[in-house]
Amino acid sequence: MIIQTLLAQQAPVEAIDTPAIDWAILAPLLIMSVGGILMLTFASILKTLSSSVWSIAATMISLATAITVIPLWMRVTDTENSATSTLANAVAFDGFSLFLTVVIALSVALSAMLADGYLKREGLEGPELYVLLMMSAAGGIIMAFANDLIVLFIGLEILSIAVYVLAAMHTRKLESQEAGIKYFVLGAFSSAFFLYGIAMIYGATGSTNLIDIKNFLAATVLDDDALLLAGFALMLVGLAFKVAAVPFHFWTPDVYQGAPSPVVAYMASAVKAAGFAAIIRVFVLTFEQYRTDWQPVVYVLAILSLLVGSFLAIVQTDVKRMLAYSSISHAGFILVGVQAATERGVAAVLFYLAVYSFMVIGSFGVLTVAGGTGDNAHSLDDYKGLSKRSPLLAFALMIFLFSQAGIPLTTGFFAKFGVISAAIDARSFWLAVVAMISAVVGAYLYLRVIVTMFFAEDDDSEEDGADGEATTAEPIDIPLGAGIAIAVCVLVTVVFGVWPGPIDDLAREAIPRLVAESAAVLQIGN
Amino acid sequence: MTNTLLSETLSSTLTLGAADVSFPVLTALIVVPFLGALVIALLPGGDRVELTKQAAVIASVITGALSFWVLWEFNMADDGFQFTESANWVEGFGISWSMGIDGISLFLVVLTGLLFPLAILACDPGHDPKPYYAWILILEAGVMGVFLTLDLFFFFVFFEIVLVPMYFLIGKWGHGNRQYAATKFFLYTMAGSALMLVGILATAFLTASATGNDVTFNLVELAEGQALAQNTARWIFLSFALAFSVKVPLFPVHTWLPDAHTEAPTAGSVILAGVMLKLGTYGFLRFGLYLFPEASVYFAPFMLTLGVIGIIYGAIAATMQKDLKRLVAYSSIAHLGFIVLGTFSLNVEGIEGGLLQMVNHGVSTGALFLLVGMIYERRHTRMIAELSGLQKAAPVMAGVFTVVMLSSIGLPGLNGFVGEFLTLIGAFNAHRWWAIVAAGGVILAALYLLWAFQRVFHGPAEGENLEMPDLKLTEGLVLAPLLFLIVFMGIYPKPVIERMEPAVEALVDHIEDSVPRFREPIANQRTVDDAESHSEDDHGEEDDHGEEDNHSEEGGEE
Amino acid sequence: MEITANWYLILSAALFSIGAIGLLIRRNPLVMFMCVELMLNAVNLSFVAFGDRLGDIAGQVSVFFVLVVAAAEVVVGLALVVAISRRRATTTADDLSVLRG
Amino acid sequence: MVEIAVFAVCAAIILVGAVGVIAARNPVHSALFLIQTLFGMAVVFISLEAHFLAAVQVVVYAGAIVILFLFVIMLLGVDQSENLNIEPIVGQRFIAGVVGVATFALMLVTLTGSEDAITGQPQATGALGDELTDANNVRQLAETLFTDYVFAFEATAILLTIAVVGAVVLAKRTQGEMLPTPRNTLEIREEAYQARIDARAAQLEANAAESAAADSASSTGEADADLVEASGTGDETDGGDA
């Protein structure tokens, strides 16, 4: 009886007019996330499979994601104005989102390759790490595509929550779990700030959609922009946490040190890329009109990150902590490009993120292999004489460190060149000078590691005689997956270091745009 | 004049595809040693020392031969860049692989081509030969690149990249406190050049926004355009000057040099002193004076002062050294002070003298380091106090040492004299008092070198000093070309000078064109006597300039 | 006197600040998570107040997403605490100090 | 007038609850205070015409999330009290205060700057106030959820999957031995921490004794100073790298 009345009531209710979906645009995201879910399903059925299968599958799915981008890229760069949006303008479709999707997907592929040997060595075989990696990457891709602040927030949480778990993944290692909980608490803290900022922006503009916000701000002169500016500040705090910019960096060293090395590789590459995707799309693109309000803040964040990152890195004795601080300083470099708030700056940031991913994954890849069982042997002393124990690893790490230091003929140099060009193009000379000073300070830190790897064993063998050599001469086994990943990173770092043109061209084409479905183009500089 | 230079370069750039299909010899100068390094790295087996050494020698000798071929084919009447090549590299940034050689870089290239084979032949690394030879060849490629490139971006790339091989050469195959020395060397030079990158970018971008053209890093276009505001150009010049001063090194930023020179392996010291220090002085000429003429004139008194301080300080410090190698290192500081003095005299004599001194210093200090290395190999000490009376055991070596040392002192008839003399004339014409003080440095040089020679080779010989073997034939053969150059350039410097002169004159013209009132203060400084004694030269020069100026005006009208 | 949206927003700001302070001074992870909940609730209040003032339902919809995120965070956070307390008797953030440089 | 009264009461409930959460020694009490705040929030939602949300607030937050908290507290038996008089890291409370007050001050300045700080564009469509029935509220919510926010809605599926996978991964029984942690560092830290707590406790006791017996001050005062000094130096070395 009651049911009947209910049914009778429902009859006149008209259907909700759901938005059109351009499925092709969602393809990369769907492959990544559905791939992860499918892997989870198969994992519960096929329990006896070797864990390498999961590594290979994760790599393949990530590469498939990256390959799917190619036809989309051709579509978006085909004509001048083919950027668009879908799903009620919630998903942006432009070169920027595609470029970062590829960066994130490749980071996952490389991290998955690294993880195989690691999981076997630590006795943690299973598909969970790969599933979480891919899910987290799906969050990153959502962030890259986000055209709506709420979507951005959901993407950020997907990305982050998976990484909290990944950081605590090594369940038999206390440091790993501590890293997880520290990252969790501070991450949740920063997410709350970010969300509060979204609320403020919503209050100030009446929408959470970036296109609507930009249109509103372009059409309206706010007599009272306090709410908007408060929103900027809070959102910037949240995002600065995610990309580890000073003074919101203090979780970084602890988390990088404690978390499993392949996960750190992923954190330093993909998480950072996604964080900067958000910063660029929200600030550089949407709030471009208010750039004089947020640029000084980014300027200060950049300077602090550059200096604190490189100076504190020097005093570290743990290589993983050292690289954590150096990643803070790299965040500073990327912020230099963001601060320019020009198309050149965005292109430089994209180039930086792309090549930094390879060098940092390579670095942590070497650390993964060299860390030994328990992933604990990361003090500088443990790296003494690495060039004797494993010349290839030492050589690879040397390339990555030189690249991070910005020595020419590596991608790192051109990346720094790009962001500093952008800064100078935007007339931020002092920022450029500070950046270069921090690069020199950073060089000292990388040299310390290189000295330890290459020169220190000479002293030992001279002082200790045969005894010293016997202990240092144990060769290191490099697992196949890790070997391939490191080799790929070396190749990318060197080849595109000599010939950066192709990546630079792609980064230049990958300009972010805010385009509603069937609407005029809004872009930087309008 | 300036326009012809520009149009020449541009035309050769534009016609690259059609007319300039000849062998890209300058690129080859960089690529050959680099390929040599690759081959060595890929050679099998770590123990076959001979094979790797032979490969290194072959690669460096081919490079040397190419550099001599360039010398042979060089058109000495031409004051612009020759053998130019150009190809786009990163279009988005206006970076191009453009190479060229003129009278200023010619002899530095030849010197590089000559010293590297000698350094490779003369010294064995002792351990890990494969990476050693590979690094040396990469170093050669980098040094060649600095001297040959006409693109600011690539200049910076090569300028930085040479740090890496040298860092490893010092750190891995050096002596004593080598890690400290290597790190210090690396950080000093990198810190210096860090700001230069900002300067380079500022030059390119500010010029682009001033002229409205696309961003370019082409040296010739930037230098001939002179689109920067005066004050901006001065700031940017300072950022370049810091980089070059560290590399030279000039007085307050020199402290890396004694450590690096002393701890480096012999070949490293030879290359460091012979070639790498010239990167700084060459940079001053090519990227300081040429790019920022006005700023160079403005800062000239400052740079001259630093140069003179370097001369005096280097000499005094050298006098106090107990270590023979360190003594030679400090003498380098003094010599490089002379080069800076000549360069910032900003007249033809001074710059020519400085340029000549660059070559001379490369030859004679290179030879000195080789000799010190040979002594160290025999006696395993470089302490002057522990060496005594070597002449009795090794008379030939003592003889060779004498010649090289006298060249370094600047004895008339040997090469050092010509360069120092020209430098002092130039400096005297421009800034008299600095020249007079600098002349004191010559006397000090004689003092410390002769004193050291006396203590090492004369005096009573005891113990191992008595049994020290004399020069071997192979060692003699390595030193022979250097000795030949020392004598030849001392007696007959004309072939060298006449190839430098057009380019140097063009550079001085460029400065005078860009800085209108440049000529006056110098003329005012001269007294009647000076004016008389140099009147002929001056008139000749002025006439030349006048003609060239007319040419350039005509060119402009066309 | 009328209760404007500003009142609700100030209440929300106060709640957010209390949450932030609590998260920074408390050492018990469970209480810290509760502080995160306080902060998220403050944001919810802001969203609803804004939505009310703007006459827009989007403010309320946003609260749904915050709710989902809060639930997911709590699940993972509590799992972390459970995992750690298996190993350690007490769980205060101060005990977690292996990671220092 | 009723409106003001409702607001005042709710604000009091919410704020007292919030302060209770962070001030209670026992996590169980904190959880109960949290429920208080959440109920207050639900009432506020009703006064803001978000009826459905008010229901969800009670059901999901108070009913599910806080219960989960309590469940974990009971499961772990970590319901022992925490001595709140001891400041774990010197200056941390100060920093916390600065952060909190700064955030609040920022919002206060923002919001009190003008009569109505909200500058957003009022929506012409979907005005909330037209037909205030619960069904209408739910319908509007649903419509927006499945049109403008459908992508975010779908994306939460991934979020929930991650939460499940993550919880399983973390909470499953560890196989094999725990890896050795760098023992010495850990022990040193623990000892330092314990020493610090002891020193503070002793100091507090001394203070209490002092206030109780106000007359005999001189000797205990000296002891106090020593304690403060000792704990102070310990903190400095420990917090040096933070």
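Order as written gives the chain letters A, B, C and D; numbering starts at 1 within each chain.
Just so we're on the same page, a residue touches a chain if its C-beta (ideal position, glycine included) is under 8 Å from a C-beta of that chain, and two chains touch if they have at least 3 such contacts.
Note that the structure is a prediction, hence the values are computed from the model and not measured.
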{"item": "Pair exhibiting more inter-chain C-beta contacts, A-B or A-D", "value": "A-D"}
{"item": "Most centrally placed chain - per-chain CA mean versus overall CA mean", "value": "A"}
{"item": "Intercentroid distance (Cα basis), chain C paired with chain B, Å", "value": "65"}
{"item": "Between chain A and chain B, centroid-to-centroid distance (C-alpha), Å", "value": "44"}
{"item": "Whole-Å gap separating chain B and chain D, where each centre is the average of the chain's CA atoms", "value": "67"}
{"item": "Centre-to-centre distance between chain D and chain A (centres being mean Cα positions), rounded to whole Å", "value": "29"}
{"item": "Junction residues of chain A - those touching two or more other chains", "value": "150, 154, 157, 161, 164-165, 168, 171, 174-175, 180, 200, 202-203, 206-207"}
{"item": "Contacts with 2+ other chains: residues of chain D", "value": "107, 111, 117-118, 120-123, 143, 148-149, 152, 156, 159, 162-163, 166, 169-170, 174, 178, 181-182"}
{"item": "Touching two or more other chains - residue numbers and ranges from chain B", "value": "none"}
{"item": "In contact (per the touch rule at the top): chain pairs", "value": "A-B, A-C, A-D, C-D"}
{"item": "Interface residues, chain A side, partner chain B - complex", "value": "347, 402, 407-409, 413-414, 417, 420-421, 424-425, 429, 432-433, 436-437, 439-440, 443-444, 447, 451, 454-455, 458, 499-501, 504-505, 508"}
{"item": "Touch list for chain C against partner chain D, complex", "value": "1-28, 30-31, 33-35, 37-38, 41, 44-45, 48-58, 60-61, 63-65, 67-72, 74-76, 78-83, 85-87, 90-95, 97-98, 100-101"}
{"item": "For the chain D and chain C complex, residues of the former touching the latter", "value": "3-4, 7, 11, 14-15, 18-19, 21-22, 24, 27, 30-31, 34, 37-38, 41, 44-45, 48-50, 52-53, 56-57, 60-61, 64-65, 68-69, 72-73, 75-76, 78, 80, 82, 88-89, 92-93, 95-97, 99-101, 103-104, 107-108, 111-112, 115-118, 120-123, 126-129, 137, 140-141, 143-145, 148-149, 152-153, 156, 159-160, 162-164, 166-167, 169-171, 174, 178, 181-182, 185-186, 189-190, 193, 241"}
{"item": "Residues on chain A engaged by chain D in the complex (per definition of touch)", "value": "13, 16-19, 33, 36-37, 40, 87-88, 90-91, 123, 128, 131-132, 135-136, 138-139, 142, 148, 150-151, 154-155, 157-158, 161-162, 164-165, 168-175, 180, 200, 202-207, 209, 216, 220, 222-230, 233, 250, 374, 376"}
{"item": "Interface residues, chain B side, partner chain A - complex", "value": "89-93, 153, 156-158, 160-161, 163-164, 167-168, 171-172, 178-179, 182-183, 186-187, 190-191, 194-195, 197-198, 201-202, 205-206"}
